[in-house]
Each structure stands twice: as C-alpha cells, then as structure tokens.
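Structure in structure tokens, see below.
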C-alpha cells in the first residue's frame, strides 16, 4: 500500500537512526546502573530531582530542533525514568506484592492450636459472622451455627466504624473477649477489625486475624502497626482506592515483614443506587495477575442487599477469588448495624446449599 | 427488656391508633382507585399536581400538631403516592420489562432462514467479531474463523461512535453490505450498531439484530426507531446509566411493541484506571431479578485489555448472564479502532478452550 | 550533597550520551516530517501501525540490553509518537476548538432581526426559561416575565429526554411553535433542544439557537446534523464526559464548518446525593484555557435544587464562565418535568437581585 | 379541567378521609413523644427494632386491603420514622454541626500569643505553605516569603500520607519542630497534619492547628483524639465522602466538645482525568446552608495543576467559602512530594496579585 519510493528511502534512513538511538539508549542505561550501584554503596537516594533539572536544562540549551523544548523535556523524562526503573529493578528489591518479585501464589494460613484455614491454596475459604459483636448470646448462637455450616473462620466487629458518632460504636475490648470466647468454645478462628494503632496489640491478643476496613485502607499508620503485629491481615480495598493503591496498601504491611495478607475486594463507590457499592470483579482478576497474595470478595458490603449474594459469590469464585466474606446474624432485623444486609440463619443455610460443594 | 408499665400502656394505645390508621388508609386507597378508573374512562391523566397541592394546603391549614407542617406534607405525599401507585397497578399495564408484568424468562431468537440463536433459553450465547468492519477480506477471514469456533452470531460495526471526528467513522452502508455478505457466506447471523434514526431502516435490511451502543443508550429517538424496526435489539447499558435507567431504556423499545431485546452490561465509568470501565456484575444479578429479558455481558469493553477476558466471561456466566460479547480481529495491532482490546485468532482459540463446554 | 567522584565522572559520561541522543532524536524527527509531507501530497494516512510494528521488531531483534525488550518498545513508542505529533502539528490543521489553532476568544452571537445576544464578549449572558414547553399560556407568561427581568435568550424544551417512556415527552413541533411565538411576541431569542437528526431542520426553522443535551452529548450523528444546520449551538457536556471528550464534541460541530458553539457545563454524575449532579467548575477553568469558544454553566441541572443557585451562579462567573443557564417556571409545583428544581417568578426576581449588575 | 361530577364527589370523600388520617397521625405522634420522654428518663434507647417488627406484624395480619402488605409496611415505616424523628427532635440534642442547633455562624480563631487569625468572620483567610516539611532552610525561606505576602497561617506536613511505603514519609517530630520554629521566627501560625492517634499529643504541642487529611477523613479514632486535643482542627473532606458524611466527621469532633473546626473541601474522586480531583463547590454552598462551621477550599489538591488555581480560588470565595488553602514551595521541581502542583514564589506572587484585595 505504501510503496512510494521517496517514502521508502526516508524510511530506510529512519531505520538507521532508530538503531543508533537504541545503541545510545542502552549505553546510557549501563552508565546509570553504575551510578545506582555506587549510590547504594553510599546509602544515597537514587532519584535526585536536582540532577534531573540540570540535565534537562543542558539539553534544552543545546536543542536545535525541530523538536520543541517541551518535547525534548518530555522524551528525556521518559528516558530518565526508564533508566532509573532499570537500575532500581537490578539494584533494589522489586515491589514485594508483585508476581515479578514472587511468581508463585502465597498461601496464608490462619491458625490457633490445631484449628487452621489456608487462603490461596487448593480450597476456597468462607468467612462468616455478624457485622457487630453485640452480646455473648448472639456470638454463641452465631458461632454454633456457622460451625455447623462448615465455616472455620468467624468474623465479628468489636470496633465499628460508623458514619455518625451517635451510632453504635462497638463493645471494644469486651467485644473482643466475647468474640474470642465464642470462637474458642466452638472450635473456630476469629477475625476482628482494628481501627486505632493503640488497639492493635490488644486486638492481636484476642483475634487470630486482624482486619483493616475500607475506611482505614489508607490509614498508613495503622497499616504499619498491623504489619508489625505478627498476625495475618484481612485487608479490605478502600471504597475509592484504585487497584494500584489497594496493592500498595499491602506493600505497607509487606514492608514491615508481614506477608500473611489476604486482600479483600468489597465494592467501590459509584453513582449506582440499587447496590450499596459496585462490586469490581475485574479488580480481582487484575489483582490475581499482579500479586501472589490471596484475594477474596466481601459480597455483603458490595451488595448491601441479601437477594443477590449467591450469584455474586459464584461470580467471585469464577473470576478467581480465593474465598468469600459474608455477614450472618441470628436476627438481622434487630442488629445494631447493617441490618438491611446480613443474612439470617435460614437464608445462610440456603446460601450454603445454593453454592454447593465449593469450599473444599 | 422494655417492661416499664408506663411504656407498655402507651404502646397499647399506639397499637390501637395504628389499626385505625390502617382502616382509614385502605378506605382512602379504595376511593382513589375509583377516581382512577373514572379518569381512565375519560382518558384523563391520573396524576394531577394541582389537586395534590390543594389537598396538602387543606391538611396544613387543619394541622394542629404536634407534627410540623413539613412532616404532614411529607407523610401525605407518601400516602398520595402509595394510593396512586396502587390504582395505577390495578388500572394500567405494569412496566413491561418487569418480572411483575411477566414472571417467566423471555427468550429472544435471532433468526435468518434456517440459522438461529436463542438468548435466555437453555444455552449461553457467544457474540464475537471485530470492533469495526474495515474490508471484505477482514470480514471474510473473521466470519470463517468464528464459524469454525462454534459462534453463530457475528458482530461488526459499520457506523462507529468515535470520540474524535477525525477518527475512523466506519464504512457506513458499504460496511453493512460487507458484514452481511460475510455472515451469509459463512452461515452466520449478523449484529450491527446503528447510531442515527435515519439509518435504522437500511441497517435493519442488512443486519439480523440491531445494536444500540453505550453512547446512545439514552438517545430516546433512536430507541423508539429501533423499537419500530421489527428486529431483535442488543441494548447496551449507558456508561453512566443506573440499573433503573438501563431497564427503562428497554421500556422505550417495549413500548413500541418490540420485546425481542437482549440487555448488555459493558462496564460503567468510574475512577479506576487499570480497566477501561468497571464491569458491574451486580447489575447483571439485579437485572436478572427485575426483568424477564435476557442479559449478556460485553467483556471486551468492560476490560479494555485482553488478559482478563476469560475470568470475566466465567464470572459473567456464573452470576447468571445469558451470554457473552467479545471482540476478535484478524490483526488487532493494525485495527482501525480499539486495537488494544481485541483478541487475535489464536488468543480467541485459547479463550474458547479455557471457557470449556459452556455454550451448549 | 552528591560529591562522590565516581558518581561525578559517570554523570559526565551520561551528559555526553544525552547530547548524542538529542542530536539523533532531532535527526529522526526531521526525517519523519519529510515522510509526513510526502504522505499528505499522496493523500495517505500518516499513522501506519504496520510500519510501527516492523520498526519495533527490527529494534527488538537488534537490542543487546541492558534495556529489556519491553522498555525498548515503550521508549520507541514514545519517540514515534513525539515524531508523529511534531509532523502532524506542522503539516495538518490543529484541532479547531483549540486555542493553539485560534488564540483569541471566539464570540458567538445569536441574532434574529434586531434582537441579539453575544457570548464570549464583554458581557455575561443569562439564559432562562422553563424546562418544558407545556402551553401557550405558560410560555407567554414566562416570556413576558423573563423579558421584564432583562433576559434576552429564553429556553424551553419541545422535545424532552425522559428516563421513562411514560413521562411527558414534550409537545414536539407544536411546542416549537409555541416557544417561538412567545419569544417573537416579547422580543426574545429562543433556544430549544433537538434530540433526533430528523428534527433538526424543523427545529432550526423555529429556534434561534439549537441545544444538544447531556444525554445526546456523544450522539455523533446529531452533532454532525446540528453542525450543518446553520444555527448557533448550545452544547451541554455529557454527564459522564471527560473535559477532553466534551471539547471533542465541539470539534464534531466545528468540523462541519460551524463555529457558533457555546459550551455548557451542567454537572457530572458522581456518588454525591445531596446535589443532582456535581458541578465541575474546574472543567470551566480548564475549558477556558484550552478553547477559544464561550463556556457557560447550567446551574439548575447541576444543583437539582433551588437553594444554592445564586452562589453557584456567582462562582460560575468568578471562575470565568461567559454566562449562566437557569430554569424558571410560572408554577414549578405543577410543571410536567423537573418540578423540584425550577425557580418560580418571585425566586427568580430574588436571584436577579442577589446576582447584582453582572449581566452588563 | 377536571370537572367530572363523579370525580368531584369522590374527591370530597378523599378530603374527609385525609382529615381523619391527619387527626390520627397527630394522636399517634403525641403518644410516641410520651414514650420517648419515659425512655429518656430510664436511659433506654428510643429506637427498638423488635417493637417495630411486632407492630408491623400486627398491622399486616389486620390488613384487609386494597393496600398490599408491602405497601402497608412501607407506609407505616414512614409513619414510625416521622414519629420517632419528632420525639427525638423534641427530646434529644440536635446534631451539633447543624444550623438548626446553632443558626449563627461559628467563628474559629487560631491563636498563639498575639498572633491570630479568624475563620468564618468578616475576612477571608489564606493558608499557604509547602506540601512537606523537608528542611529548616526550606521552611525558613517559605515562612519569610509567605509572611511577606500577607499570610498568617502556614501549612507544612511532618507526617505524609503516601500511596507507596517507599515514598518520602515526612520528617515526623523533627519536621514538627522545624515547622514550628520557622513559624515562630516569622510571626506565623502553623497548621500540620496528624495521621496517628499516638502522634496527636506531640503534634498539638508544636502546631497551632491540627489537620485531618482526606485519607483519614473516616478514621474515627483519629477524629475523636483530635477532638480531645484542645486545638482548632482543619478537617478535609474524604475524597469519596458525601457531603453528609463529611459533616458527620465534624460531628465526631464536636461530640468531644471541640467546636473549633474548619471544614475544607478539596475535590472528590471522579472519572475526570485533566484535574487530580473534581472540586465540588456545590458542596461548599450546601455546607454553608447546613452548618454554622467555617468552610474553606483547598484549590491545590482539587486541581493537581497550577494553571487554574486563581479562577478556582475566586470561585471558592464567590460560592461563599471562608478561605482558601494553597501549596507553595521554594523549588517545586525538587520537592519530595506533590511536585506537579505546588506554586513557586513568583507564581504565588502572581496569585496574590490576581486575587486582589480579598483577604481583608
């Protein structure tokens, strides 16, 4: 189609310049790698914005066109970035969450004594329990029930993030004790949310797994504290976090030396009104490509209604999630929080029956 | 818990008032139903905002409290609305898309001669083909290929909605002819998008199914024209349409007497950047509850990338979708539109293999 | 700070390579510009994805590292893009909406006989009128009233985009006649929305300015038809259009030879519930930088409530908008559409008083 | 228009029933108010979901139609809610942020010794300073400069919320000391962000005002701690908080007895890409209606670019904001965070000049 001889000749010339550019770019990359290695020796930062400014000024003052100064700056910023990325990749640990750093799936085992459950392995995991811990009776009934349904890991909130300060704020330490006792009595593991760096230690004493909720997804102080607590972490996606931001919240915990992290998609905030949030299962598919960490789906908070939980849970497993998180309460109508969206026991039994033999 | 005798007595009194209110409310509803029936006889509108204003004024002037005027207005608006809804339900056809009007699944059959495909029945349906119709060679190759992969319904755009007026706008009628010929030669059905009311007639002559795209989801003139065209319709959700708005776009077509509509979720616009749109599978679950019409999922436009199409398609079927829509092109890198997201033939073969025997 | 001698020497070497790269890049750009000029001569497309693929293959096969193949591809794609952008800038018309093509403000005058109003000039413009044209009495009253308040350009919808097919759809041609008559009688100009390519001609006969609404913002067939109609256009932003997409909808009209376009920001769809849409005044500020076309703000649809219209209108003018669009109705409570958000006459008088002497 | 005699008679009957309903509704409200007063005496919760369930069951079992059970439940839920709202309004404190509780504007004065600045009074307030505190030199230069430009309240981050754990995390306590010293030396007040409940005390020792950032907007533990710290609070809106949620974050601080709160709109997360966030000035207009607390606008984080800050600041003041927050840095290109969006000194001087004499 493009057989004009003038064009063909010019294209040959372009090809030659391309190859010269390639040689120079690789030459440059090798030099930058040497600088980076030396900086590491001297414990110096690798990125030096002042140096970049100087290089750009030199280039702009030498530029005779036809590229504009803006284009020259932009192209060299790309080249600088590629060189820096290259040397950082060679010289520094990659992002710990990335499959590039760790291609195989990480399995996360929550364990207490001889009870354990493993995320990211051969079996899908179901987490179930009430939104809030309200009383010993409620938790005892729930624990007995979910145990009977084959659940091993029970949730229950002792600290509740409520939009209003006058909403039920959770029972605090008393709630941790109630939840932990009910779990122990019925041979269950117990996961509880923590909201304050000052509560991490006490929560880690009672819970077998700590949850960071959606409103604290970018509470970086809490992420660091949880990373240091020595417990597996259930890490919810922020309701307005991009996938990249979500994975980087895991990096905060990984950077503290804790790789027992289970990521949890729970819906993002959009304009849609017939569901409480918009469940983003593409994010699960992308996360499973990008990270070796297990990923589960909280269908309850995504939906905010009980009539689509089974299809959402099936879709979550089909897209590759390692498990499902769901809320169940002995009497949802009288629950102190989220009373529109928790399943009662008989609805939970139907859910288990409808899902079939998927939990392994 | 609440055993204070004062409270118990007051509650008895409340119970009595409740029952009196109930009697009066039903009495009112019966009167309004009679008015509605008479209005239908006289071909009068049922909702009369002036009448409502007068009733509210009367009530406000009679109100002795303790309810404030605002609360009185609000409560009576609810009562007026409930009464009106009731009589409209009794007197008028319900929304045609609703399962309340039509509890059983509607099946939509696209047919030409002895070739046919049915949405909403026992089998899941796969629609495949290129974004744009570019040449007879491209469509011939694609048609032969998708036919060999078990596809019966081929897509291809002759009119292309492009963000820029300088982007490839499609081949128009010539494109319809190319697509239609390729489909006929290879024993396929052909679905094509239409964007202009003036093109509906010619498009209906060439295509076996007409598509309304996301940017025209609330182009109500087009919906009416398509409703009158006598062809099955593939109706995409608007990228910022709520589920309710999406279902009401189907109502526009139903209101023209055409119930051969296949709804198609294709992702909504959110803040997320690693996918082109955010696939909303909860919307599919909700739509399957609300409407009897078939619902499918366009995984290509939802993802905007090719590496998560298989898990998304699996999730779509798991959540209850009746089919999947996917783009395939002989040479995506040189495609005139959407060249980041179309599968090439070998990737499509892998997709078919990975999905397994789901298309029935 | 970074005075290590090894590093300083390596940096000198990098500087030298940088300058060699710069020379080669500009050499390449000059060659590509020659190719582009020749392609224009031959009426050939400038972007050739096949040629790009070939160049990348050649480079990848020649690449000896340390840059990875992925990085080489990415850097050269940037270089290709910069070269192409450069030659297109030199060779082709720039985007017509852009201030780069047309640095001075464009003024848009709507005129009929000796009545006229000019957007983008010294004076801010106020457009006012009811959502829907409902009757001759309603339009006569409104026209008399807005004229008395200093308004010159009256709006009124004859074709109404309604979410439900059972909502009031507008009076159609009869509505255009009513609106046009009322405007003529009271010495006003008249702007009306058009929704169907088939209605553009008749609408252009009655209205002095045609409006494209938010739901048809990416109805490209309509944009082209309106571009050909020879009338000024009020072009609303799509409720989920980015600023870039909005400006490109203007380009569709400009590409038809019509530059009498007034852009109108009217709020975008977000998660916020206390306003109907989220007014995006940053978009107005950015649009005023990017385009020479006038930009106004529809405060009514942005707010969806009447109690914040004055501050929003003040903010719109402060951010640089050339005018304001607002709805007013003789009796909003009984209006056939949008009855929560239209001002009544006395509220409109207060609005005019509160805004002060801003309309020039 | 509606003069049919059958209809007129039925309407008379409806009017009579309406008035009977009104009497019963008010009777019911009075009874519920008595129950509420008794519950307050006994320190019992007012809302009792069990009681509601019982009442609804009774009504449903007594319902003879024509209203469906669903409608009866829905109407009575509205009635229950109205009654409960009424008695809570009479019996309990209103929300402290609300103008219903406190109609007059609250002024918030930040003060140290004889330096002070007041939000919500006659003068608009400008907060300026760098994103991060990086060195004593940087803060000294900035403090001297902003003082010379008429600024009294300087910002500067010692704890930085960064998406990546490997980004600059701030200097911590050393940063607080640097910021505080620079402010004291140049006669400025100092506002600093706090991110961890454990840092509130030390931050309150150095800063004259504490900031809660957008990522911690729903970190309720932090809100409570800041509420107890005895310092004025600059409270940013969460990037995905509704206006209602934002006001309720203020309520958390108010509930701790601290009413020295300045609300700060800083843009919400949407699909738009040409600005970092979407500045929501309608939220400022609505907040000024709903709350007596001062409201300011952070134009820097809303825009994420420096070329539209002046029009955004003008629009912020025009919509009713009590001040503006803006970032300025001696050398933005080398800043350790946010280097695309901070003004340099000469650009800041132009900003001050362009804004004119608005800061009083």
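Here the chain labels run A, B, C and D in written order, and each chain numbers its own residues starting at 1.
The rule is short, and it goes like this: contacts are C-beta pairs under 8 Å (C-beta built on N, C-alpha and C of every residue); 3 or more make two chains touch, one makes a residue touch a chain.
Bear in mind the structure is a predicted one, so any value in this text is a computation, not a measurement.
Looking at B-D and C-D, the interface holding more C-beta pairs in contact is that of B-D.
Residue numbering shows that subunit A and subunit B use the same positions for more than half of their mutual interface. In whole angstrom, the spacing between the mean C-alpha positions of subunit B and subunit D is 37. With centres taken as mean Cα positions, subunit D sits 31 Å from subunit C. For subunit D, residues that reach two or more other chains under the stated contact definition are 240, 244, 269-271. By the touch criterion given at the top, residues 240, 242-244, 267-268, 270-275, 278-286, 288-289, 302-303, 307-308, 311-312, 314-320 of subunit B touch subunit A in their complex. Subunit C makes touch with subunit B in their complex at residues 49-50, 53, 159, 161-166, 169, 195-199, 215-216, 218-222, 224, 239-240, 244-245, 248, 251-252, 255, 269, 333-335, 339. Listed in rising order, the residues of subunit A touching subunit C in the complex are 2, 4, 6-7, 10-11, 13-15, 17-22, 24-35, 38-39, 42, 44, 48, 51, 55, 58-59, 62-68, 71-72, 74-76, 78-79, 82, 85-86, 90, 269-271.
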